[in-house]
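Below, subunit A partners subunit B and then partners subunit C, in two separate complexes.
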Partner chain A sequence: MYIQSAYAVSPQGSFNELLESSAQYRGDRLTCKEPDYSKYIDPKLIRRMSRIIKMGAAAAMECLQQANVSMPDVITTGTAYGCLADTDQFLTRMVEFKEELLSPTAFIQSTHNTVGAQIALMLKCHHYNNTYVHRGSSFEAALTDAIGLIGEGEAKTALVGGVDEIIEKSHAILSRFDLYKKDGDTANLIGDPGKGTMAGEGAAFFLLNSQREAGCLAKLEAFQNWYKPSVPVTTLVANFLKRHQVPAGSIDLLITGANGDARYNSLYEAVQQSVLSAVPAITYKQFCGEYPTSAAFALWMAAMIVSTGRVPGAAEPAAPKRVLVFNNYKQLYPSLYLLSAC
Partner chain B sequence: MENKQELVQRLKEQIIKQLKLEDKKPEDIGDHDPMFVEGLGLDSIDALELIVLLQQEYNIKLKSAEEGQDVFRSIDTMADYILEHEGK
Partner chain C sequence: MSKEQTVYIGGIGVISAIGNNVAENLDALVSGRAGMQAMQRLQSVHKDTLPVAEVALSNEALAARAGLPDTVSRTALLSAVAAKEAIADAGIECSKWRTGFISANSVGGMDKTEDFFPGFLEDAGSGDLKMVVNHECGAVTEVVADALGIKDFVTTISTACSSSANSIFLGARMIRQGVLDVVVAGGTDALTRFTLNGFNTLMILDQEYCQPFDENRRGLNLGEGAGYVVLVSEEVAATLSKKPFCALSGWCNANDAYHQTASSPTGTGSLLAMKGALKKSGLSPAAISYINLHGTGTQNNDIAEGTAIATLFEGNYPPMSSTKSFTGHTLGASGAIEAVYAVLAIREGLVFPSLRLQTPMKDLPFSVTTVLEKRQIDHVLSNSFGFGGNCSSLVFSRAALNHL
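Right, the complex of A and B next:
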């Protein structure tokens, strides 16, 4: 299984910007740097799209353009929150106008599958299209589906994405749960001794291919995710490596989902101090923030690292050939992605 | 009651706002330009938005969806319909 191309709309402008000078944020959240959507989307369509739809559609279109693929065999999308802005608008009007005079556009676009559906409409793609809404394993479910279809020979190419947005209301509600630092700083987020993290958002899409094509970014050697596993995460990681016959020493870089909340550091530290004790490690949530589908950003970053041989935050090019991504959203949804250079 | 010219101008502003026609200004829309397919290039979802606009701003409910084909032919026909039905 190969990642032929990948693109992320994220709080970082591009991978080059991430390498040269990553965008820094203060406060309790990170916000996406949005591209010029007119490059990707017909102006007649843009006017109706909310921000998350534009972000997802642009990421998908750029991904397809880079892969020189106009019609993927499969489109799968993962999102925990769906199209929040449209949902907010629709529900607010329901209250304000006493369930009358509702905007059809906000209603139509409030469903979670709007991003995947809009991509299909833009491509005039009538192929398999599914959206997964499974909280912290939404992107993983979309990826599992695509891998399965390619593995069974049902598809050669699959466009897979993970998208989630922050809106004011959702952020205000989530902030009540004491999830975020009030005066966070991405420059010092990881390793901060306090509780809470910084909220994030993003849209990342990947074009998976059953075969290695020219320009391929990375090989997706293995992937697995769990929900509330009954064994410690160190055992999960050890078993994963054993199952795929990967010696820990062959991994050049570990990317962890540590998010700066001191309450949850121990699980990542346990892996770094035991199974993968000799493997250099970096984190990614200081670049994108914490959100349920952030592993899609991590997978994009990992693919770019093995493709370019360059690591954000590293002074010298380390040129890692094999990278393991380990995220454990809310300590409930561990996931592992093993990538290697093509 | 405002005169028809004032109503036409206000309708153009409301349609631009409701349908998020951000690249349009009221003066870009001709009073007799077709609103659908050609002209403004609106579609069936926009027609639903226009029905909501009529109800919300002018308290006018269309009798049937078919009626909309004539009412929403142009800004001019829409203004005529509003003048005829407003306050009834």
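Right, the complex of A and C next:
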């Protein structure tokens, strides 16, 4: 399985920006730097689409353009929260106008499958299209489905994405759950001794290909995720490496989902101090913030690292050829992605 | 049948406006008793104008049956009741196998969120957070997965009205991939003001009881409910005391790619989904004994779906009906509820009627079945189409375990 191309709309403008001088954020959240949508989307549609749809559609289109693929065999999308802005708009008007005088646009776009559907519509793509909405494993489920279809011989190429957006009201509600630092700073988010993280958002899409094509970014050697596992994550990681016959020493770089919340740091540290003790490690949530589909951002970053040989951040090991991504959203949905240069 | 392993239906469970379990649903389908009436439970200004098909039980009664607190979303309560029935029907101990729970819904815990919202809009610090903890679609699934003790694979699909057809074939695929042995697959949706008003703004709700595939159809009635099938591998099927009689033999997911909410006049997505499902099952159109239509009762769906059927089945139309004339349109649950009805059609040898048909659609060369028909049913095609052009079709086939 190969990652032929990848693109992320994220709080970082581009991978180059991430390498040279990553965008820094203060406060309790990071916000996406949105691209010039006119490169990807019909201006009439841009006006109508809400932010998450535009971000998702732009990421998907850029990904396809890079791969020079106009019609993927499969489109799968993962989103934990779906189209929050449209949901909020319709719900708020419904309450304020007491269920009268509502317009359908926000409702139509509030459906969780809107991003995947709009991509299909823009491409006139009649192929398989599915949307997964399972919290911290939404992107992982979309990826599992796509890998399955390629394995079944039903598809050669699959466009797979993870998208989530922050809106004011969802952020106000989530903040009440004590999730975020009030005065966070991405410059020293990771390793901060206090509780809470910083909220993030993003849209990352990948074009998977069963074959190695010219210009391919990375080989996706293995991928696995779990739902509320009863065994310690160190065991999961050890078993994963054993199953795929990957000695820890062969991994050049580990990218972890540590998010700066001191309450949960020990879970990542446990892995770094045991099974993967000798592997150089970096984190990614200081670049994109914490959100349920953030592993899609990490996978994009990992694919770019093995493809360019360059690593964002200070500690820079020599051109990693094999990278492992380990995220464990809310300590409930561990996921592992093993990539190598192709 | 393909040479790949057969994925059997080991058990079924359903709750809808026409009954709280499989037996009650079957009884209503046989006696022609529809579930729509004036709104009883949902609180809406449209109470007197828009009939709906509500599940008769209160949240408290559902919670007692589900073994869950009555404060959780009704979407989860409906789901738990139907999923538990399906597992009990299969007589299976999930913990003995690699088991998955694949559920679907369209608006998650919106029933609670929309009650939380008015207070929150006035003061962002007010409102009981317990009412929004299960807002996410996936949260609803997890409440039930955790209650059932299933954790080998748990996920949620949301593709509007085709959602739970997708969860059923994903389960079958994962069994064929050898990843899971048993999958409890289906979907759930509770009525909410959010959905009711959404469909109302689209002007596709019928103020009378819906008349799918009628020339003078006016729209759909919304319903609520949940349906689940227990999919099992051949190895698991051989261990069940109640021998499976039915398999999921075909499926296909296609996209209409025409409009965010409307279907193309040619029914391109529907046609691709039906064709693909038949191909997967290795069946010709002539082998289909009954089509359980998506049949919402809207102008747009019924002509698009009907046109696609006219193209695919040209000149040789199997009996077909829309059981949404009983249950209303249960959105994310509809594909799974109708999957249960497809299994019942095979078991009982019945074609369920479409209710209230007066004038068959003039532009179609066939009409839907209006009276209960007793006949041998070997293969049922079940359609589920949704917003976003998402079209999925499933084929259920009589499949005795004769080789075991």
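In this section, the second predicted complex is superposed on the first by the 338 of 342 C-alpha atoms of A that agree within 3 Å, B and C clash if a C-alpha of one lies under 4 Å from a C-alpha of the other, contacts with A are read in each partner's own complex, and residues count from 1 in each chain.
Here is the rule we go by: contacts are C-beta pairs under 8 Å (C-beta built on N, C-alpha and C of every residue); 3 or more make two chains touch, one makes a residue touch a chain.
Note that the structure is a prediction, hence the values are computed from the model and not measured.
> Applying the touch criterion given at the start, work out whether A:127 contacts subunit B, subunit C, both or neither, answering first, second, both or neither.
A:127 sits against subunit C, while subunit B stays out of touch.
> Looking at the overlay, does A:172 come into contact with subunit B only (first), subunit C only (second), both, or neither?
second
> Which partner does A:82 contact after superposing on A: first (subunit B), second (subunit C), both, neither?
The second partner, subunit C, only.
> Counting touched residues of subunit A, say whether subunit B or subunit C comes out ahead.
For subunit A, the partner with the higher number of touched residues is C.
> Regarding the shared-chain residue A:116, is it in contact with subunit B (first), subunit C (second), both, or neither?
second
> Considering only touches as defined above, state whether A:102 meets subunit B (first), subunit C (second), both or neither.
Both: A:102 reaches subunit B and subunit C.
> Considering only the contact definition stated at the top, list the common interface residues of subunit A for subunit B and subunit C.
Dual-contact residues (subunit A): 100, 102-104, 108.
> Show which residues of subunit C lie in contact with subunit A when the two form their complex.
44-46, 106, 108, 113-114, 117-118, 120-121, 124-125, 129, 132, 136-139, 141-142, 145-146, 151-160, 166, 170, 173-174, 176-177, 193-194, 197-198, 200-202, 253-261, 268-269, 272, 386-390
> Sort out for me which residues of subunit A touch subunit C in the complex.
75, 80-82, 90-92, 94-96, 98-100, 102-104, 107-114, 116-118, 120-121, 123-135, 137-138, 141, 144-145, 148, 151-152, 169, 172-173, 176-177, 227-230
> Could you please specify the touching residues of subunit A with respect to subunit B in the complex?
That would be residues 43-44, 47-48, 97, 100-105, 108 of subunit A.
> Looking at the complex, which residues from subunit B come into contact with subunit A?
Residues 19-23, 41, 45, 48-49, 52, 55-56.
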